[in-house]
Amino acid sequence: MIKPAIIESGEFEGWMTWPSEPFEHDLMGPLHFRIDDKGPVCAFRAEHRHMNSGGVMHGGCLMSFADFSLFGIAHEHMKDDAYGLTVAFSSEFLDGPRVGEYVEARGEVLRAGGSLIFVRGLITSDGRPCLNFSGTIKRGRKK
Amino acid sequence: MIKPAIIESGEFEGWMTWPSEPFEHDLMGPLHFRIDDKGPVCAFRAEHRHMNSGGVMHGGCLMSFADFSLFGIAHEHMKDDAYGLTVAFSSEFLDGPRVGEYVEARGEVLRAGGSLIFVRGLITSDGRPCLNFSGTIKRGRKK
Amino acid sequence: MIKPAIIESGEFEGWMTWPSEPFEHDLMGPLHFRIDDKGPVCAFRAEHRHMNSGGVMHGGCLMSFADFSLFGIAHEHMKDDAYGLTVAFSSEFLDGPRVGEYVEARGEVLRAGGSLIFVRGLITSDGRPCLNFSGTIKRGRKK
Amino acid sequence: MIKPAIIESGEFEGWMTWPSEPFEHDLMGPLHFRIDDKGPVCAFRAEHRHMNSGGVMHGGCLMSFADFSLFGIAHEHMKDDAYGLTVAFSSEFLDGPRVGEYVEARGEVLRAGGSLIFVRGLITSDGRPCLNFSGTIKRGRKK
């Protein structure tokens, strides 16, 4: 797995991110993750550019953050010479984050097998449940 | 539903888009849809900014385009005074679009009821199947 | 919602069930639910008739129990004059229950809105995680 | 994959089934599949035992038939020394089959890779769309 970088300043100082990611880091990010005393946590701050025309976060933005979060949550189960691919993803939309809110994903690895990792999580925004998600990651190995 | 705009030049001249969308139009788009003789079709051209670190389209970008496509596919079932919200979404990842490819979604409305619309579709990239998706849209009405 | 019956003897004495259900009660059941100090819980005992040819519980049987469990988990959110229909369901298969094991589902209502209820849960068998599931219930009202 | 048996009489004469299946064959079945000129097709006749208390087919019964259908649809992609396990499944409920109706699933293999097979399908009842489904099968090999 590509080694994450440590963020050195700002609201997410000390968190990790994957910087060489054109879509999730450069375009819509940065997105952040770390391990705290409750387990893995992923987060970012909702901005105007993440919204839809109704003034809440676009469903695609929420799912993109959820896809990032699958890997943040599963990070400790991936070895350095491995990578992962999402093969299946499902979600339910509960509420929409608004500009300025703190958007967070927490979840757990339900099973980490030899070839597949199963993850589920919940995105909240300022504490309100917004997206329930689950995903299946297929392990790969760098050549 | 917000009235789409017609694109006036370039590769997608004559297609429709929703221009007042910070995430899907301004940040990752524009994304396009129209009705052709095979039914509704949605499309965009894959660029470097849509990729992940592995050189294929980010899963979140694919799902964001799929979420847009739910509404492109269901467009003829939405009246002018109505809007829709995605309430559930699921997908399987088959392959990854690469920079420069033509990414297209086609699909169908499986059922359009009074409160819910069920849509399924398939994203291809230069003809290769890439994402199977289905979603449930909840109808709303503007006040 | 149809009023559940109380089971009067046996392993599940004191639990509730819906008895007028040809498939879930008469054919594959009975299936049981109650509220304990950790919240709603659903359970049954795995028998040979629930298995597949590989000697573990059939995926369809697990999903049928999960569908029942959506309503057991959401039971306190349904009024007497209401009923519910599953409109979307997704799941990941983690492990397979074996004959004689105690199969249990626990979960939570993530959002109970005016027309839709979102539920997620996890089925375990003798404590091993077996099926992660989530579902969307549409409320109806008896005429 | 366990070799299917040919049905020798009745409405489904000439179709295939997997007979050593306690849940899907002995309890809720038999369920049937074959290949016709439009591709793989799975079917059974809806009976009272498959219903819920509302007089339509139980959601769990529909999903059990869908799970069977994943393997019917993928049958030509499985070699004799192989078996498959459903690892992820999702579905949307469009309508409910009633007693006496002919319930059919058709679908396609979207991708058959070395370790995973992706399938989607649609269940109809007397021609009405009832369940949209997709599933991911993990290949295994008998020892």
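Order as written gives the chain letters A, B, C and D; numbering starts at 1 within each chain.
As a convention for this text, contacts are C-beta pairs under 8 Å (C-beta built on N, C-alpha and C of every residue); 3 or more make two chains touch, one makes a residue touch a chain.
Given the structure is predicted, the values throughout are model-derived calculations rather than measurements.
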* Other chains in touch with both subunit A and subunit D -> B, C
* If you tally the C-beta contacts for B-C and for A-B, which one comes out higher? -> A-B
* Can you give the whole-Å distance between the Cα centres of subunit B and subunit D? -> 30
* Cα-centroid distance, subunit B relative to subunit C, in whole angstrom -> 35
* **Cα-centroid distance, subunit A relative to subunit B, in whole angstrom** => 22
* Name the residues of subunit D that each touch 2 or more other chains. => 87-88, 90, 92, 136
* **subunit A-touching residues of subunit B, taken from the complex the two chains share** => 2, 18, 20-24, 26-28, 48-54, 57-61, 63-68, 83, 85-93
* Which of the residues in subunit A come into contact with subunit C in the complex? -> 88, 90, 92, 94-95, 110-111, 118, 120, 122, 129, 132, 134, 136
* Asked: Tell me, which parts of subunit C touch subunit B in their complex?
  -> 87-88, 90, 115-116, 136, 138
